[in-house]
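Labels run A, B, C and D following the written order; every chain starts at residue 1.
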């Protein structure tokens, strides 16, 4: 996602209304808990154009329910505040004008308290609506389900944007004191799992929720390949740095080499060298670099250069999805509450497919064959990001487990580094 | 001042220590009261590079006392926090490194509560020090006096920076609900007060406090001139706009014309046209434009273009000071608590000399003959701004009365508009 | 190509050395003839960072032969000038440092006369080498063949860069007086040619020359689709403009919409409206817009928005190549000497496949399955552009006929407009 | 002058028409001779926004005579080319629109040959006009005199702009092979010449030509001061560099320190260190740094920092003019044909007042008391540059001797370095 959520359901389960209300309370409540460690000031500041203030995330997700659930359901519904439609619309041009994205941090009013009241107001009305619906309303539950997945995307952004803000402070403050957990004793060996290629199907099928960009399910033709059984570690990436990886143009895409120089990249985002030792800034503050943990906060350019250095390459998104198709959705996701990637365990098959870090693919984000963006404001916007972005797969330590799946297509510009993004290698077999 | 305070006393009274403690409490207390209407979020945000967060002003003024009073007075003094020396140093390079100015708004930690505790800590130690000094310490009282004038400069900046922040919010929130007061019935006629010229003295003399840039007092040679008896009004400036003043290059300095186009200026800062009527944003929110009130928030370029349009010119700083030399320091200053310029009253002599708006002069900010910047960190920095800035005189509705005097030289770049800055005309006689 | 040529042969014919010498003379001579209408001053100036001076093109193509043919063939070869290796290296980092691209226009020395002498020197040595080789040298002929294709790419750039330069002159000077030819009486109807999809092969095969990015030939799986039988015309594109196409965000990719606003696009590059009538700047000067001629000088963003407006889409590069696989290489190419796209003629099958304008595809430029960039400086650089670019197919009115083929993959960033780039529609069948 | 000439005569001699025609031929001919060493390509390129192509200088100076002499003198006069009024107007807004300054280098048409024809055309008509005038036309001779001084300003710019262009070429080509002359054996001692201060007059008087900014002549009040008897040398400036002058913020104006960092200044413009030895680029190519020659191509910021480092200061323009009032206009001016500053000779009084380098003063460029910009296009523009610039005095090795005088006020922004600008120290006496 291009730093804010792009959403459109193409299919969904029909949970009972009671289940949906419980899920609504769960998701909305988790957002509040994620906000908990942050002061009113932390929630206010926008540390770069790509990030948003936590307060804005809190309000925007509520605006989403107000605009797409409450207003359509009740012609007499009066918005909580008439100006919020402009302040908290992200990019839905068919809904109306938007406060400029880089100036979200200027909005000291409404205050955090005001926004909390806004959330409570929206919650009350949504839950009332669900109570009245009494199980009859299929479109209603679909759009609420969508709103919840949308909010889960913003939960991840709350964490990554807060991390970026805190890292901008020379005090290197913590979001939460608990560290990610003790490092493992040694790094699991990297092995290759081969795939024979041929025609496979990818894309969403079945009745669960998915975004429109995961459809249509379609056949794709793969040449034989192999995937690395685990993610690239900090230790492996450090060897690339120490081998002058950031100074060797032969390893880099042309745009990557320019970006590296323009932004003076010398290591992943949040790495710091102090007195000869490497540290990384985490949500638990500055920590010694854990060599066996997955490398994180690298751009697509860095991921690609690293892969080139090893003689391998990044996987395509189809290779990834075909390989992940049967896997259980488990791993170091947000639910594990570690908030940082951890070292792989030994085991058969592909490890760390879900959670830890989003895995850059070599696939440019593009429409699937036969894809058509849906009509209306909600459907307006997945397709419009299908240029200049790369697909990432698998979710991260900041992704809710109920939000991720094998067909999920995340996407960011190739220079983005503030998400929990890392590297899995692939090679031709 | 170049958007933060540049200070160095060259002389001062010797008030009794008891008086100084009382004055210390007064000044520090006023800062707190000015902060009162602002939320933690309002105090956090930096709306442009030239402005600073209120929280930063609160901390920086305390850092000043800690660095230049408490630390020298007691070798065992331990700073409140070891990192504040970097975070809250503005530009004193001899003291040490500084957090980059445009990133002051990133510092969500320390929180506002932390900074209030810092202020209380500093206050306690300064007052203890004054208690111990018991009237004997001339250098101590001099540097505390300096710190208080420094803090008064930041009081004005708290108001102008907060105004800039609130104006960036489409909700156009208010700092304080009270309006500036009822407009007068009609505009007082503009008359000219002639001066015969000749050799006069300007610059600071006597025992009261003054900044180093007001010295040495020296003789200057003036040709005959006349000053307008009051400030230019909004109504008069509106006539300039309606006469296509912003579209006529013949009226503008070359740099002004470029700036006007680059920033798309069409009226003073904070003016807005809604449904054909002019409004201006004030600390009391958006208000209909008061035609008889002084025009405000204009740059030097606009002031100069307006003067050219009338066939007059701006005064030199020497003309202004010679004319103001005998005047009482009274007017619409911060003490009147209006927080906005108001219309001139009728009366003999020059009106509105002090308060309402800082008056742009045609004098570039330069050292007086014989000026030498003092040694050491405190003296390091008045001289270093003596390039590319214009002198302003007289104080504004945000300037404490005890802070201003006829010899006071304020200075800002010619494109600055967010201060309460306006226009008094002059002409050759 | 990213505004300069990226080259690497993967296979080639083995022409007799005599043929190759003749072809060498032909290609080099054409470069000179294309330069002919340009003054020394025209050849000097770089009108934007993406363009290069003609003089630079003349020298760089000679440097290519000197570096990759003459120097390896003869250890005693002394470069024409020791500094030219830096001045005229484009981006071959393994060869050595490069004069900064945006400053190519600063190089008033060597003069055009010096560069012509350089060309003559290189020609003499290459032809001598060919004379001595006497048909025995397979690697030699391969690299010379490569150098000639490289030079042909620069022939097209000489024309597009000169056009950009001349268009920047308010006098709107001409490159050559001859107009493109009389417009047709009426526009040929746009029809659709369906393709059944399924598995096909794409990529280079056989013994003729191709660049490395056209390999490996591989199977691809297509869903049924249809291609428009001709290019989109100026008249059709004008209807899009008149339907507020440039003001409707729903039609645009997000990055396209931002670019449109940042650069204030309102029509294709080189279109001008004068007194209510549309003109376009051509190499023959400003001409009335020919409504039945193909629209030209549009970006990928514009091509995509136009396609969305029609309800169709752009083709993928595989769809294009499969459709063009059997077609004869003929059309309005450089050899027709029109230097401007012309209206389609009626006829069976796909018209205008080759020549007129490069056709934007919806395919991001990416490596073919199994692609590996070759070793060494020459092979260093095709792969490195495989990010943030879109593939274009088919050649233009500035492409030599002997340079284009169905498997040829050109590529430019999605915002590029100064090439002869246009639109062919596709749709799902 | 702000990189192009700002001109308005306030008084002038009345030479006989015959003298004026001879002088016209001389000045115009010198321009051609200065152009001589430059190729058509050298004359075409604009190496930065502040510089102009030589071809543009050649045309603009002719446009000046066409617009302000030929057109007013003859209602039937037809311009040489109708578009030149836009192409070659510098900034006279009352004359009409202007081709954007930073795009002057795009104008490859008209060619250099065309511009030479333009010059010949203008010369023929001006000389015919002078022939017909037969001594009767006072306004005519005044405006032609003005045009000649204007052209002389551009003669200096041709040299400084060409130097900047040639320096941008890694070949470091020469304008002319002749070096500036053998260095002296040793540096003349720097002495101080005291002045008692008091009331003096400055500004233009008498019947000779002067620009409007030199008037009115007026009294000024000076405190006692002393001037250095010669310019600061390269050797002295090198000691400042070696004493970490560029790394010590205490020496620099605040804007200077920012500029130094933004532009990474480490030495004067055109200085280069190769293998531990210092060289400077001159119009005769790269030369070993002559330690006893005046330091050159320094900004006001560097001049001011150097003066601070020595404990002295820069002179005011009044101090300079009063000191130079009686001096003969002789020195290393353009007429000496050295094109580079040379070491001072020993002698009584102030050396190097005229020629060698323009001397930065600490005076901001401002109107003299009573100054009014004249009406009309010609008078429009001296005043409009009176902001953000510093005055320089005395002329340089690129200034014609007949162009300079003690009252002459040159002006450039404080960061400008590409003029022949240097340093004379002053101090309070």
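In this section, a contact is a pair of C-beta atoms (placed from the backbone, for glycine too) under 8 Å apart; a residue touches a chain by one contact, two chains touch by 3 or more.
Bear in mind the structure is a predicted one, so any value in this text is a computation, not a measurement.
K.L.:
Greatest Cα-centroid separation from subunit C: which chain?
P.N.:
The most remote chain is B.
K.L.:
Just curious, how far off is subunit C from subunit B if you go by their C-alpha centres, in Å?
P.N.:
Chain centroid spacing, subunit B to subunit C, equals 60 Å.
K.L.:
Report the inter-chain centroid distance for subunit C and subunit D in whole angstrom, where each centroid is the mean of the CA atoms.
P.N.:
Using C-alpha averages as centres, the distance is 47 Å.
K.L.:
Taking the mean of the CA coordinates per chain, how far is subunit B from subunit D in Å?
P.N.:
A distance of 38 Å separates the two centres.
K.L.:
Name the touching chain pairs, would you?
P.N.:
All touching pairs, sorted by chain label, are A-B, A-C, B-D, C-D.
K.L.:
Per the contact definition, I'd like the list of subunit D residues that touch subunit C in the complex.
P.N.:
By the definition above, subunit D touches subunit C via 39-45, 47, 55, 83, 86-87, 99, 103, 105-112, 165-166, 168-171, 173.
K.L.:
Would you mind writing out the residues of subunit A in touch with subunit C in their complex?
P.N.:
Residues in contact with subunit C: 2, 91, 93-94, 199, 218-223, 249-250, 252-257, 300-301, 304, 362-364, 366-367, 369-370, 380-381, 383-388, 414, 428.
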